[in-house]
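Please find the structures below.
The same chain A turns up in both complexes below, where it pairs with chain B and then with chain C.
Right, the complex of A and B next:
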């Protein structure tokens, strides 16, 4: 297994995505609108908005992030996957490349939605380093889980609705950890237990993805 | 060979020798494309044996065997948002080849001027030719072509024979599924006819 093949694959995935603009032109504006609509629904209760802001951010990231992992990928479509298979690219490498590119895109989504949340909800800006680590852990976990779920549902007709159904409950530890890290920063509580929970969730998801990649692809033969 | 409960190939005993170009013809649904996918190790035969490049199933599905096989099907497997050059440069990068070799392969099939055009903006024929460019780039020992003449204009049709001849000259084998026996006849050593998943005729082209 040649890990150096991940780099050209990720580069191609990201280049194709930036050119297609699905995430930038559709997912991010839609997610930002979601944050705005939720704030309008809550009303002009500023203390409440400040309190619920981080929770709203991670809920929106979770809901819209699963669609990021469903975008048309360089290595995910059946014919392109066959071309890669015949080039001798290990299914595990293909999975890692797709999960890594999804993670990068999710980090981009989070990087845009955080300032939007700050503007709309005005949450307390404390413990930023721990929150940045939490954001990376959420992106890694969601990217890996979405890629795994997309593979699991590859041959089903209702893939677009099945993936969020699989992803949403399994990412609850990540969302919980991200929100608790922010809450903990307000009350000067240690973020480590929650960061550890997010990291363990990520490790579990990534291991499951790595172990399932080959059987899932070879099982389709 | 079954797909679901449908028997697609049955009683098929075929050998393709190194340096041979074999045509496969037959009516729609006769199992031609399935045969190519089995030969490409992308479909597991439900019964019988499969030997490719000196290896037997399941060894044939190892990366070192698969790297020596190129399948150019109806869909050449291009990402629509990447240019033809970027698509082929990815193939080159994954094969340990230079980006320049990808552009050379595109030039060899007459696509130098269209190399920087997104695949989505290319005609069906151009996308087909990019599949042939992939075959030139990867220098396979087993080349599998599914209806390679479809969508190609008269000027581009000789490219199929040129690519097949290159593989043959290097001692590789070529299997061409085609409905266009007249167009392909010049470069086929042998023709197989499939009907209902069975070999019904075999002869020299």
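Right, the complex of A and C next:
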């Protein structure tokens, strides 16, 4: 297993995505409009908007994050995966590269949606360092689980609804941790128990992905 | 299995359910605070137990399939999930019916409720995944992997009432030490657990038979050498084409 292959594979995945522009041109604007529509539905109750803002942000990240892992440059090109397998690239390395590129893109999505949330919902901006760590943990977990779910549902009917159905319930600890870190910052509570929960969830998901990579690709080519 | 034996298993399950139901309704003592409402426990708790058991059986069958690649393990895994999803839905429904008069709401932010609902959704995803894959081998492999991953939730669901103390009461039977329950209630509860487990076994057995029949139909369709619609049209020969 040649781990040095991960970096060029991630770079290739990201280059393909930047050329296609699916996440930037479609997913991010759609997610931002979701945040806006939710705020309109809640109404002009500023204290309420301030309170629900962080929860809305992470709900939108979770729901739209699945689409990042299902982007066309990954799921629409099974031949790329087949070529890599025929070239002898270990399925585990391929999975790590796909999960890492999804994580990078999810971090980009979060980086754009945070200012949008601040503008629309005006949440209290405290404990930013802990929230940044929580954001990274959410991106890692969501990227890894989304990639695993995308592999599980590869070439299936109704894939676009199956992936969120599998991903959404299993990533609840991540959303819970991210929201509680923000809420804890308001009341000066320690973020560590929640960050630990998110980190444990990430470790479990990544381990599951690493263990499942080979059996999932068995017979795929 | 002969038809009479098949009916016998279902009959035994039905009779045990009826007897356990009567025991819950008539023999068990009435709760001092909740009155007859508490009798919902004799359906709610066995359903939750059966949900745990079903998904544990799926875990074992999934691991066994990945090791042996024998179809019977895949048939057992999917059968157990289907029955487990039914019992999880029954747990959620009876819990909600019980929650309204006791807590004042059908649904609330309670870790046990939420984690059970998520458990239900993930196993619905398992069934959805199976429906989306045509190739039996790919279907068995992917659902075995999901069957293993999804089981991670079971300890979380069970321990949620210990880790986060909210509305739902902590375990009274499956916990270290003596069960904290009236012996009369505990006896009837255990009787119901046995009756529900017999029902689970009967349902899974029947579902496995259906899965085998479905697999046989799939095999017959894949290896069917009966003529296709297009076979009725014969391609023109080289000479016929030249004549035109």
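One rule holds for everything that comes next: the second predicted complex is superposed on the first by the 212 of 221 C-alpha atoms of A that agree within 3 Å, B and C clash if a C-alpha of one lies under 4 Å from a C-alpha of the other, contacts with A are read in each partner's own complex, and residues count from 1 in each chain.
Everything that follows uses one rule, which is that a residue touches a chain if its C-beta (ideal position, glycine included) is under 8 Å from a C-beta of that chain, and two chains touch if they have at least 3 such contacts.
Just so it is clear, the model here is predicted, and its values are computed rather than measured.
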First, second, both or neither for A:19, with chain B first and chain C second: first
Chain B versus chain C as contact partner of A:8, first or second or both or neither: first
Partner chain in contact with A:44 - chain B first, chain C second, else both or neither: neither
Chain B versus chain C as contact partner of A:188, first or second or both or neither: neither
Touching partner for A:129 - first (chain B), second (chain C), both, neither: neither
Partner chain(s) touched by A:218 [first = chain B, second = chain C, both, neither]: both
Chain B/chain C common contact set on chain A: 218
Chain A to chain B touching residues, read off their complex: 5, 8-9, 12, 15-17, 19-20, 72, 74, 77, 79-80, 82-90, 218, 221
In the complex with chain A, residue positions of chain C that touch it: 66, 114, 118-119, 121-122, 124-125, 128-129, 131-133, 137-138, 141-142, 144-146, 148-150, 152-153
Chain A partner contacts - residues on chain B that touch it in the complex: 40-44, 61, 63-64, 66-67, 69-71, 73, 75-82, 86, 90-91, 93-95, 118, 134, 138
Of all residues in chain A, those that touch chain C in their complex: 148, 152-153, 155-159, 161-162, 165-166, 168-170, 172, 204, 208, 212, 215-216, 218-219
